[in-house]
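Below: one structure in structure tokens.
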Amino acid sequence: MIYVSRQEHFNAAHKLYNPAWSKEKNVEVFGPCANENWHGHNFDLIITVKGNPDPETGFVIDLKKLSKLIRAEVIEALDHKNLNLDVPFMKGKMASTEIVAQEIWKILEPRILSISKFGELHSVKLYETPRNYVEYFGE
Amino acid sequence: MIYVSRQEHFNAAHKLYNPAWSKEKNVEVFGPCANENWHGHNFDLIITVKGNPDPETGFVIDLKKLSKLIRAEVIEALDHKNLNLDVPFMKGKMASTEIVAQEIWKILEPRILSISKFGELHSVKLYETPRNYVEYFGE
Amino acid sequence: MIYVSRQEHFNAAHKLYNPAWSKEKNVEVFGPCANENWHGHNFDLIITVKGNPDPETGFVIDLKKLSKLIRAEVIEALDHKNLNLDVPFMKGKMASTEIVAQEIWKILEPRILSISKFGELHSVKLYETPRNYVEYFGE
Amino acid sequence: MIYVSRQEHFNAAHKLYNPAWSKEKNVEVFGPCANENWHGHNFDLIITVKGNPDPETGFVIDLKKLSKLIRAEVIEALDHKNLNLDVPFMKGKMASTEIVAQEIWKILEPRILSISKFGELHSVKLYETPRNYVEYFGE
Amino acid sequence: MIYVSRQEHFNAAHKLYNPAWSKEKNVEVFGPCANENWHGHNFDLIITVKGNPDPETGFVIDLKKLSKLIRAEVIEALDHKNLNLDVPFMKGKMASTEIVAQEIWKILEPRILSISKFGELHSVKLYETPRNYVEYFGE
Amino acid sequence: MIYVSRQEHFNAAHKLYNPAWSKEKNVEVFGPCANENWHGHNFDLIITVKGNPDPETGFVIDLKKLSKLIRAEVIEALDHKNLNLDVPFMKGKMASTEIVAQEIWKILEPRILSISKFGELHSVKLYETPRNYVEYFGE
């Protein structure tokens, strides 16, 4: 079994804000991340697929196809967008990096099976900044 | 003469939008950067000071003092903010990286003279993404 | 379960030297790392916490609190210090990156439980240089 | 148990080309990677060894020895070479990053046991570009 | 005047080989870079344009247009290619990074004037590896 | 004229300490950098040479020769050393990054002329940390 990874990126605005709380509590818990006029990041996204290489190609998955899939299904929805306002799959959810990573898993897991006979999704790694990042393995 | 540099960073939201134009023209010119709900970046800021080293310290400028100055006068105003809405020195200006860099020059140039007898501001370099950046030398 | 990481850094001096051995044997085994007048590094430290996100915040752990904890309990003790001479928790131990990572685990593991109901320490990753690093998972 | 890693690098040419297929099918499957006149990369290779630290040195493995081993047994054979034409252990195999990583495992696994009583090979991570990489754990 | 930069990349094979010399002299001068079966690199290319910002857009040059121009005129000709064999503008020239950078200047300088009223080409910076790079300012 | 650069690195210990001052004044001016037991860094050194390419090789300077020169004349003296105690050319000088860069200039400038007919030293850039660096152009 080999683990194959592809990195993509997107730029987005967000704020951390729980609508069930008062503005004061949001500022107390989230600090500057709750700024009502938003802030933003250059997000780096690393998708890892695991499997055995296809003996005819030497590939677990064609990284050009994986890149195309991630761009069509994930980056298109997130790049130059507001994670709280513009993204259908984030509606009603906290716009934290943790939750974004879990939603990306739900989108990509079935679709990767449709472009590769040999690989399956292993992990979603999402950098909010070079110093803050999360990783999700599907459970 | 030695050139001494200090890198700081901030996260902010912005959009590229000329209020004298229609929404259609803004989208035509700025593309996804005109998204009305904003997008954002992790900005990296590099301030370079030039001068001869103080023979007593070996320093052109104390980088701890320079870092403190940049944080107090620039980062505090920009980090976790909206460049179009929240930043006094950007009011009425296009929120492009070029203009932000020029405004940072105006703020820091006189203040650097007040913390160093040996150095003067040489350049402001501002990365909007790892692939897009600007540099300004004051004229 | 999500894995959340925070990167911090410190600069320190050290040497690799086993006091039970002769100077000759130390030089033979450790080479230039045994230089009696020390050498040093910019260390990068990545702390990973695992858990389920708190439904109210979307966080496994508040990364601002995690950063503050790491700085107070670990960086404060190591930054601009000599790992062999100045650091209480390294007294009597080899100042190798492996041992420093294990000691950082011992310090942070209980304290992370005290700042997060949802997360527990997963790993300590310590870069001595961009090309040499270690990772410890607590056992 | 501690995981200790060392990064090395090499520059090489290759193409993705299955000799059992027509030129047309190769271009269809591999796209520009099948360019008959080759293309190339700066590869980064990270070797991770796991084990308990030797109490006398604080080392799982001496990273100077590990670096020397990787250079002698792997980098020497790959650096400034053509992966399809010049490398004995790649003869008759697809020159994909996946296959190169598996072959590196086969070379290093027994030899690491010969330079360390405390460590064994844990993984081979190979970056073809900063955005495309694979990792192999030996099974 | 502001300096605005855009980074692009390409992967290519090449060798350093002067056809006026014997094979022995090529190996003596260029060492492993003269390997007759080629080697290759991930090249990073940074194009810097200088000028005053357009008051209507805040831009010296639209970086989306600059990126599109670099990709169409330069990357398309170099990516996944052999610099000695496949690239029309390198025919009959030494495939050194220095010469590639000078040829890129010749291609881009007039074309940048055609996409920007405010900017002109300032420099071409080309990384062959993260440790080896060249910069050309047009004269 | 082309500018050609080569990056090398070294790890060293140092402290900032003016022996003409009291310990108290050193701590007041240099803060934790004055720690009497030293601290250290992974230094990155970039040497830039300028000139016209040799028409026979396409090189301003052979980067393998430049690398060998930097290692023999500079890195050998600094790597795994104490900048205040172990380095002959730093004796009696403040061990600040500014001064180290100026001393490296003095060593390399004449020697580069001896290995290249086409190039001369343009600048010495020295990173003390990824966020703090200096550059010196010889005057």
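The chains carry the letters A, B, C, D, E and F, assigned in the order they are written, with residues numbered from 1 in each.
Definition applied: a contact is a pair of C-beta atoms (placed from the backbone, for glycine too) under 8 Å apart; a residue touches a chain by one contact, two chains touch by 3 or more.
Keep in mind the model is a prediction, meaning the values are calculated, not measured.
Under the contact definition, subunit E and subunit F share the contacting chains B. In terms of the stated touch criterion, subunit C and subunit F have no partners in common.
Residue-number overlap of contact pairs with E-F passes half for only one option from A-B, C-F or B-F: B-F. With every chain reduced to the mean of its CA atoms, the largest distance from subunit A is reached by F.
Each chain gets a centre from the mean of its Cα atoms; for subunit A and subunit D, those two points are 28 Å apart.
With centres taken as mean Cα positions, subunit C sits 33 Å from subunit B.
Multi-chain contact residues, meaning those touching two or more other chains, occur in subunit D at positions 130. Inter-chain contacts occur between A-B, A-C, A-D, B-E, B-F, C-D, C-F, D-E, E-F.
Per the touch definition, subunit A reaches subunit D in the complex via residues 1-8, 53, 56-60, 62-64.
Those residues of subunit A that touch subunit B in the complex are listed here as 9, 11-14, 32-33, 35, 37-42, 79-82, 85-86, 129-130. Residue ranges on subunit B touching subunit E, taken from their complex, read 16, 18, 20-21, 29-31, 93-96, 98-99, 101-102, 130-137, 139.
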